[in-house]
Amino acid sequence: MELLINMVLLTLLAVITVGIIRVRNLFGVVVLAGAYSFLMASVMIVLDAVDVAMTEASVGAGISTVLALGALHLTKTEEAPPRYSAMIPLFVAVGTGAMLIYGTWGLPAFGLADTPMNTGVGLDYLNRNYGETNIPNVVTSVLASYRGFDTLGETTVIFTAGIGVLLLLKRFQREG
Amino acid sequence: MRLDTILRVISKLFIPFIFIFALYVQLHGDYGPGGGFQAGVILAAGVILYAIIYGLNAAKRAVPIRLVEFLIPLGVLIYGAVGVWGLLVGDNYLEYNNLSHGNQPHGQERGVFWVEIGVLVTVASTMIAIFYAFAGRGRE
Amino acid sequence: MNAWPSETLVLLALSLPALGAVGIAIASRIPNLREAVTLTVAAANFVVVMTLLTRVLDGERPAAGGWEVFGGIEIAFLVEPFGMLFACVAATLWIVNSIYSIGYMRANDEPRQTPFYMCFAVAIAAAIGIAFSGNLLTLFLFYEVLTVSTYPLVTHKGTDEAMAKGRIYLLLLMATSMMLLLPAIIWTWVAAGTVSFAPGGILASAGLPVGAVAVLLALYIFGIGKAAVMPVHFWLPAAMVAPTPVSALLHAVAVVKAGVFTVVKVVVYVFGVDFLATSGAGDWLTYVAGFTVVTASVIALRQDNLKKRLAYSTISQLSYVVLATAILTPISIIGAVMHIAAHAVSKITLFFAAGSIYTAAHLTEVSQLDGIGRRMPWTMGAFAIGALSMIGVPPTAGFLSKWFMLSGGMAAENWVAVGVIFVSTSLNASYFLPIVYRAFFRTPPAPATGHEAHGEGPFPVVLALTITAFTTLAMFFFPDIPFALAEALVGQEVTK
Amino acid sequence: MSTAPLHLQDHLPALQVVLPLLGAVVAAIVRKGPLAWLVALAVSWSMPFIAFALLYEVMTNGTISYAIGGWAPPAGIEYRIDQVNAFLLVLVSIMAALVMTYAPRSVANEIEPERQGWYYAMFLLCLTGLLGMAITGDAFNVFVFMEVSSLSMYVLIALGRDRRALVAAYQYLVIGTIGATFYVIGVGLLFTMTGTLNLVDIADKLQAVENARPVIAALAFIGVGIGLKLALFPLHLWLPNAYAYAPSTATAFIASTATKVAVYLLLRFVFSVYGVDIAFGDTPAATMVLVLAVLAMVAPSLVAIFQSNVKRMLAYSSVAQMGYIMLGIAMVSQTGLTGGISHLFNHAIIKGCLFLSVGCMVYSTGITRIEQMAGIGRTMPLTMGAFVLAGLGLIGVPGTAGFVSKWFLIMAAVEQGLWLLVAVIVFSSILAVIYVGRIIEIAWFREPVNAAVSPRNPPVEMLAVTWVLALATVYFGFDTRITADIAGQAAELLLAGYR
Amino acid sequence: MNLIREIIANYNYLITIFLMVAGLYIVVAKSNMIKTLLGLGVFQTSVYLLYLSPGKILGGTPPILDESFAVYSNPLPHVLILTAIVVGVATLALGLALVVRINEAYGTIEEDEIMDHVDRDDQA
């Protein structure tokens, strides 16, 4: 059952992506992107990544969409027809895909418990978490404590982006 | 016009709940899905909604831009400071074990709590600031 | 000064000209003071070098430096007889050339004289660095410094032509040294495990196959573009755009001498004469050098521009040195060494004369020189002496060196070399003597042809060229010092 | 209940990254340009001391491992410092300190007052990111700091005065993100196959992996991703405009550090994590990199000759110099790596000096186009004097730092009998002679024109810093203890791998 | 039959790869900057799947410890992807800001048109 839902949702994702490629009206594209994020979020729920799903929903479908719309509001909403043939890009993309298929075909099958990844550090966290931190949500404890430095970096990234956007867009009295 | 007023009324009722929800997500992050980042985004969403309905200037009156610009670095500062706190009690950077008189789990909870606060502050304020910047760019 | 340790003297000889450059820069506002600085430093440097000379003649081999740069390779100096000779040439001619420059630069009021004197001083420093260098790395370092410091001198005029020629000069010398010489040095390092000059050479024991040795030698010979062995000689005629004192520096004092000096030094101290002679890896050199000698002379014969003719004569005279080296007998090597000194003094005389003519009469072509000897007896007298020395007629320095080369060639039964020397001697005669003849025995054209009355060149100019001409003669009658040094050089060779 | 006293020296690894981070925060809070600069200056001058302390520690007591958050790796994030990255930390922090000293008036000249405070914050964030990438021993942590540095770099570049700066920043953003994502894909594959993120841990888990395909694919992705970051020809297209239109200080700093850190990452993965056997044993990687390196040494140099903007010319030469470095790596030999790594250092100094002297010129005259530089050497002798010295270093004239690294590279090629490579190396340095010589000729031997005639003198601190680097170029041409020697040790370490 | 099992076992990866290729294609092929950035988003999102899928254990539950569950999915990928999402949105915000500025400077957000302007600037 899990498996089936998972596959259905994924297929829908693929369909929407095609839409994103083909639609020329940028508003439409942004809306599709929002839907894409929602689907992605639900896939994440199926994959038991509830925190991630929540974030993806609020960020991908929420903030990103708002920002994109804001940007559209400041620029224009129709995509010009392509000037050059899309052969080379297609080649690049397909090449990457081929490399990926080559690479991923050796990956462990979906949903198994005894893969190196699921017997590695991840399991370790699950086992030791209770003794070391009183935080039932292992994601939170790993995020904020075991790999807290990543999260500091992540916060720094947000900080950087925030200041960056202000540097680029904020109007100071002198100009304008 | 009427529609608009309805919208305003509803949202007036709605926005406080958004903030409460954000608070819940923030504090409940230890036990269920959620945490500083998600809460921050939701908080920002609330303000953005307010701005969309009552206009940018109203929002800027409610949440002044200077404050936001001050909060962005503050969050990181809080986070970084927790790490320094770890140093001060003689542990490694970002180590929480002795933040609460050597009681490791408590120390961890305390550290995580403050860290999440830091994340919340930076994320929320950044999102708001970015929204202000984009929205403000349009005028004149 | 005699009390000072030799190491100090070596370092002093290296640093004095460099310091001189700084002094010149400081004094740039007051020309007289600036020239005073140049002359004093040159004189001081001369004294230092001479003091070293006495010690080297006493058999001392002063060393200095020894700062490790990487992986056991040092910046090191070792004064051996041959280097000593080159240093003497450079130090002596620096004084004379400075005197001459002062006269020339002022008479033709050239622009930007401060950078000129600065670069000149640096070039001298580089030349002495080459002379005293104790290993290939040090030599290469100063070799490139010399290239870089002379580039502004070549482009001194600042005209588009000067810059175009400057480009050729810089590119050719840089290209050869970086693309051929540097790999050759590194190859030597990898093969022999050292790059220090050693009597008898360092490659003999490296166990390279003969073919590889020949290739390596080729990398060296053509990598040392300053030796102007054809086909890497273009830069020398190109550099004729520079003012005469610079030409003198290039042709006599530093640059080309640095080239042939390096060639001889590499053959003697890196390959080792015996090793080359026995392995036969150097035989091809005779032909290349011989070809250059003859071809360059032929070209010189066809030049009407005086400085161009002198330039090509230089190319051929340089290959005399290479040829003499390629004969690979002690006698011929002595000849090579002697010829470096002999050619230096004679060729500088010729260039001084050419410059003097240009300054006084603004003439550049051979065909314009009819009867000029009457107006400028000193200049043309000196020119005649220089020319005779070039041809190798006694009583001039050129005779001695050629004599040794010939006897060396005979001894080695290297008939190619011998033949080349005979042919080119006749060629030399046929492109120098006509000039002397015109100058003295042709009647000067009527003033109508824009031949305004003029006398000798400026005093410093005439003084300088008289000194060098006199030296050219003196070296024939008192060849003891260069001879002693040369013998010391091969002496090590023979006893080895 | 243990509150041991605080021993700062034990926490230098953390401080190396946290100080600039907090510095950036403070700078962003104070907001006023001059104040922010003071903060940035204080922080960036503390960096070299920490870096040297770490280097000394490593040289004396070997590798340092620091567990962030007190969680022993692989559960926690480990900071792991050995000769290789200690060397890099020194380089990056020194460049930061120098550029920051140089900065105030140049920035005041190029950035509006209101933006300056945040500009310095961005600068420190960039520094944080680079140091973080260099110091961490955790594959994913690398990614996080890669993004910190990248995002701040995009902003720094976009702040250039020319409108082309915006486009350059945008293109760099797109390409940089693709690169980072490729890197993450690679790490993801590794993570899936090994179940860990700690580099050392990955290294020894890789032995057990029987199915090699995902592992090799991971290497490919990581390689391409980092290749984009370090502008490995032909993935360099973002670089020239980025360098050309960014503010002088940003260009100088980025050009001398960012690509170097990327190279370090590549070295780390290829040699330490994968090890020579896996990386080069059953893949054509070495040959491919060799070919690319050769192309990189020639093609961009040719392009550089025909540039009309001096900063762009230097940018293309940077791409070519990366070719030298990659060549040293691709020869997979002690000597080659020594050459490559020492060139990392030498090129940073040389390029830093060149861009800083151009910065002085821009400050005084606003000139960046080459034909306008006519005669500027006579009106600004000090500035262009430094340019000439560093230019000679770029060519690799003996007595300059550039010569040392070239010596090792040629030597490596000769050792392996790769005569063609020798030819390429020397040929591309002749190309350097051409494009540097062109500038020198125009700057010194042409008659000055309009703007170049009467420039305002560049401030003393700008000239001072530029000359410090110029003299360093000469100094490291003779004293190679902190370049070639340490590079040699680093090379040994890398060839040994993590196992 | 066997192939189908193979495909089911690797379905997540296949979709992941498809999304990657699609995203990359948008980035490289499209000239419109906003669309490019959205494509970049798709490209990054696909990585989320690459990390999350292998972390899923069939029959497992979200990694929130509780007596009533025994099998949990791997928490580590979740943490990493949280960070990745943040990076994604940060990049998007910055990119859009740049696009807005570019639009103000050049009056268009079509990259090939802008490159024409850039070339003209280079000539001038």
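When the chains are written out, they are named A, B, C, D and E in that same order, and each has its own residue count from 1.
One rule holds in what follows: a residue touches a chain if its C-beta (ideal position, glycine included) is under 8 Å from a C-beta of that chain, and two chains touch if they have at least 3 such contacts.
Computed from a predicted structure; not experimentally measured.
Counting steps between touching chains, the shortest path from chain A to chain C takes 2. Shared contact partners of chain C and chain E, listed by label: D. Contact count check for C-D and A-E (C-beta pairs in contact): higher for A-E.
Greatest centre-to-centre distance from chain C is found for B, with centres as Cα means. One finds 36 Å separating the Cα centroids of chain B and chain D. Centroid to centroid, with C-alpha atoms defining each point, chain A and chain B lie 21 Å apart. Centroid to centroid, with C-alpha atoms defining each point, chain B and chain C lie 79 Å apart.
Rounded to whole angstrom units, the spacing between the C-alpha centres of chain D and chain E is 28. Counting partner chains per residue, chain B shows two or more touched chains at residues 31-33, 37, 69, 72-73, 76, 80, 83, 93-94, 96, 130, 133-134, 137. The residues of chain D that reach two or more other chains are 21, 24-25, 28, 68-69, 71, 121, 140, 144, 147, 151, 154-155, 158, 185, 189, 191-192, 197, listed in rising order.
Chain E has residues 20, 24, 54, 62, 64, 76-77, 80, 82-83, 86-87, 90-91, 93-94, 96-101 in contact with two or more other chains.
Under the contact rule defined at the top, the touching pairs of chains are A-B, A-D, A-E, B-D, B-E, C-D, D-E. On the side of chain B, the complex with chain D involves touching residues 69-70, 72-74, 76-77, 80, 83-84, 86-98, 101-102. Here chain B touches chain E in the complex through residues 31-33, 37, 130, 133-134, 137, going by the rule given at the top. Within the complex formed with chain E, the chain A residues making contact are 2-3, 6-7, 10-11, 13-14, 17-18, 20-21, 26, 29-30, 33, 36-37, 40, 43-44, 46-52, 55-56, 59-60, 63-64, 67-68, 70-72, 74-76, 79-80, 82-84, 86, 88-90, 92-94, 96-97, 100-101, 104-105, 107-113, 115, 117-118, 120-123, 125-126, 129-130, 136-139, 142-143, 147, 150-151, 153-154, 157-158, 160-161, 164-165, 168-169. Against chain B, in their complex, chain A makes its touches with residues 50-51, 53-55, 58-59, 62-63, 66-67, 70-71, 73-74, 132-137, 139-141, 143-145, 148-149, 151-152, 154-156, 158-159, 161-163, 165-166, 168-171, 176. Of all residues in chain B, only 25, 29-35, 37-38, 41-42, 44-45, 48, 69, 72-73, 75-76, 79-80, 83, 93-94, 96, 104-106, 108-109, 111-112, 115-116, 118-119, 122-123, 125-127, 129-131, 133-138, 140 touch chain A in the complex they form.
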